[in-house]
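Comments concern the structure below.
The letters A, B and C name the chains in turn, as written, and every chain counts its residues from 1.
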Amino acid sequence: MPADAPGAGEPFLRIEGVSKVFGTFQAVKNVSLTVQKGEIFSLLGGSGCGKTTLLRMLAGFEEPTAGRIFLDGRDMAGVPPWSRPVHMMFQSYALFPHMTVEKNVAYGLKHEDMSAKDRADRVREMLELVQLTPFATRKPHQISGGQRQRVALARALARQPKLLLLDEPLAALDKKLREHTQFELMSIQQRTGVTFIVVTHDQEEAMTLSDRIAVMDKGEVRQIGSPTEIYEFPNSRFVAGFIGSINTFEARVAARDAGQLRLTLPALGAEVTARDVPHVTPGQSVTLAIRPEKIRISRDTPEGPNALRGSVKDLAYFGKDSLYRITLPSGALVQAHAVNARRGDEGARVADWDDAVWLSFDPAAAIVLAE
Amino acid sequence: MTDSPRTKYMDRRGWSDIIIGAPYVWLVIFFLLPFLIVVAMSVATKTATAPPFSFGGEHPLINLQAYQRIFTDDLYLRAFLTSLANAAVAMILCLLLGYPMALALTRVSRGWRNILLMLVILPFWTSFLLRVYAWMGLMGRNSWFNGMLTDAWNFLVPVDWAVRSIPMMNTNFAVILVMVYTYLPFMILPLYASLERLDPTLDEAAMDLGSRPSQVFRDVTLPQSVPGIVAGGMLVFIPAAGELVIPTLVGNAADPMIGRVISDEFATARDWPMASAVAVALLVLMVIPTMIYTHFQGRAEGSK
Amino acid sequence: MKRSPVFLITVLCFGFAFLYIPILSMIVYSFNASRLATVWGGFSTKWYVSLLSNKQVMDALILSLKIALVSATFATILGTMAGIALARFRKFKGRVMFSGLVTAPLIMPEVITGISSLIFFILMAEWIGWPGQRGFTTITLAHITFSMVFVTTIVQARMVQADRAIEEAAMDLGSRPWQVLFDVTLPVISPAILSGWLLAFTISLDDVVITTFTTGPGATTLPLLIWSKVKLGVTPDINALATLMVVTVGLGVILAGIILNRAEARRLADERMAYRSND
């Protein structure tokens, strides 16, 4: 299929084998992904993982060293930032300090072929969208951080971009404002229907905001999926460890039967069963990973296949739940979350310091990672 | 979007080409080229023609006579030494006076600080020539200032040492005094900038750990202000060493500084090659303090 | 807890006395009736009166202002370009030499700059017949060259601080590099450009050494006029002229300082207001 003829099923944004090298540093390595129209898609990773470089390549500030980017069927190679139907909300917001809120929002429209009245209408509409009408004639230093963020959003949306890039949109806001703004962003996205690409280092932000997430590390995409897929079915130790906390054990596949895998844990001398995954064969070394909240703690011997003995080394009370750190006979430490369902004083908790306890988990909760 | 090749060029390369190119070309023509001519001139031969030099002909193409004279004629070596000594003494005096002033500026209240800083900067905006001139009024034999100093001197020393006035004008002392006066703001401002940045809790931490104020100054304040000291020192030393106005107005003509030698060789003796050679030698000497300065600047920036 | 800063305050007072007594003395003696500049002979304003009717002084002042106006403007344009180039274009051919060329005039002794400019102009006249006569043009060219690098230093420092993303945002919203320059970059750094212009103006208005070398017959700037008189000694009419100049500049700087302080206070008040309206 020719690249510039969008056919049925052609994704809205297609990134094809894109790499970026700065001098000797490879910032982005052979990234391929697609984004559908109207999606909120997040690029998630730590600092230096290449997410911002990828975003800047979409905006046109950097040219890929290799690979191609297609937006709505059009090859973006060589298209300068000022001709791209892509707008960006900068991490620092980058508001023009010498212009009023209104002028900031109107700035992009001056390149648009439209009448003065249409232009004024669009600015008004945008200011209403982000509820900043009363602040139209203020300068950026005369409004609060949250308001500045909304000006940046309105300014980027005013030209009705095909793609809106958001670089750490919530990082500069305080925690209380962040939650509120998150939902506001989602509702604005739904109303305008613009495709959002969000760069963030904050996993919670990515989980709540996004339809799909690409987890990046050292310039590579490690996994792409919905928040649930990424959390419940990580494909690697990196992704499993990056999103939330997780317990990992070295294991060996003993056998496969009845749609389940039997694993031996040499360090613990124990045997457990887990949900079957393709591409593993008996005898192979794998990693077994279990999220802390999927581990049950009990004083009595539990029913079912996966039970381990241990003793409570540490516990931290968070109110709605408690975190236990449990030493296994091998010396390994396991983290487990227990919901504090009962109300009461210390006596109400499942276990106390140095108590001998049983740990158990469902075979479906165990993640087998073949790495 | 259809862009003409010209717009495309302006968007991509043209705009940086012009922004870099215009000042670049200007500096090459009006600064680098004249300077290279001076360097070339320093190896030319003086003639009685107009312009008074020649390359080749009956003379050697590269004539190093001017440089030879710098090292053999007492006049030039003495002038270099006088310049360096005057500049160094002026720099040290500026530091001794400017450091406590800068430190005091960081200790006064905010409102006072802005006013006093403005008073430090104010002379900098007023005419350099007039500031030198102001001292000529004070140092003259009949001035109230000289009279006051003379009275104090006569009161303090034995009767047979008494003088009618203190000879201040046309001495190296006058040169140094006026240099300290005119360059003091150059010392205070970078010192203030580096002292003001210091975290006051460091002082408190040092005191909390048992240091007395003088030790706090020696162990905490002074080491951290070294970049300011170096910057201020160079801002005083470099222009002072090449100074022309001050030695001409208040200096001793018999013991000239190098700037005056260059000017006299050029204008009075009409010996362009000699003036150029001395100028090149002065620049070579200037490279050393400049390198010290950039080294410290680079280190200060690197540690930020 | 702070060390009693008696010593520091004493030095501070001494330092300010040192800085201001010569100027104050000069101002006082400008009202001296005596022709002997250093002996007090009663109060008089006659030197001011004779100064204002002195055509030579007025002509020199007008020439100086013309040169300063033209050279500061060109120096600001060229210096701003160089400052933007050094701050924005990290890598270009000849950058090392370019930054060297921008720093060298700062440390070059004025005598050498003056002599090299003069030799350059003489040889140019010899070789290509330009400049035919030294005067306004040659002084202005030399002033542009050595004051533009001061503008560059100020603009470059401001550009390095400025948020690069602001320019990228303008580009992202559809502006080509030239539009970004005029819509965003220049307005944002305009205070730095203004101080650069003021500095270049003052440097030009004040310069003696380079002007001595690059001037020609008939082109006497105010500093040159003062220079030629001062070399002969202290006179009361120069005291009066100096007083007028120092007072004018002093008032200008103080006024500018007050305006800047006000603007800063207003900005702080605005920010507090913004914080309160936080929602």
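Here is the rule we go by: contacts are C-beta pairs under 8 Å (C-beta built on N, C-alpha and C of every residue); 3 or more make two chains touch, one makes a residue touch a chain.
If you're wondering where the values come from, they're calculated on a predicted model, not measured in any experiment.
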{"item": "Reference chain B; chain at largest CA-centroid distance", "value": "A"}
{"item": "Centre-most chain, if every chain is reduced to its averaged C-alpha atoms", "value": "C"}
{"item": "Which of B-C and A-C has more C-beta pairs touching across its chains", "value": "B-C"}
{"item": "Cα-centroid distance, chain A relative to chain B, in whole angstrom", "value": "58"}
{"item": "Between chain C and chain B, distance of the C-alpha-averaged centres to the nearest whole Å", "value": "17"}
{"item": "Distance from chain C to chain A - Cα centre to Cα centre, in angstrom", "value": "54"}
{"item": "Chain C residues counted as touching two or more neighbouring chains", "value": "176"}
{"item": "Junction residues of chain A - those touching two or more other chains", "value": "80, 82-83"}
{"item": "Multi-partner residues of chain B (at least 2 other chains)", "value": "11"}
{"item": "Residue numbers on chain A that touch chain C, as the complex places them", "value": "59-61, 80-84, 86-88, 90-92, 94-98, 107-108, 110-112, 139, 141-147, 155-156, 159"}
{"item": "List of chain B residues in touch with chain C within their complex", "value": "7, 10-11, 15-16, 18-20, 22-24, 26-28, 30-35, 37-38, 41, 51, 97-98, 100-101, 103-105, 107, 114, 116, 118-123, 125-138, 140, 142-145, 181, 184, 204, 207, 213, 238-239, 241-245, 248-249, 259, 262-263, 266, 272, 275-276, 279, 282-283, 286, 290"}
{"item": "Touching residues (chain side chain C, partner chain A) in the complex", "value": "163, 165-166, 168-176, 183-184, 187-188, 190, 267, 270-271, 273-275, 277-279"}
{"item": "Partner chain B, residues of chain C touching it in the complex", "value": "1-3, 5, 7-9, 11-12, 14-16, 18-23, 25-26, 29, 36-40, 78-79, 81-82, 84-85, 89, 92, 94, 98, 101-102, 104-105, 107-112, 115-120, 122-123, 126, 141-142, 144-146, 148, 152, 176-178, 181, 202, 205-206, 208-209, 223, 226-227, 230-231, 233-234, 238-239, 242, 245-246, 249-250, 252-254, 257, 261"}
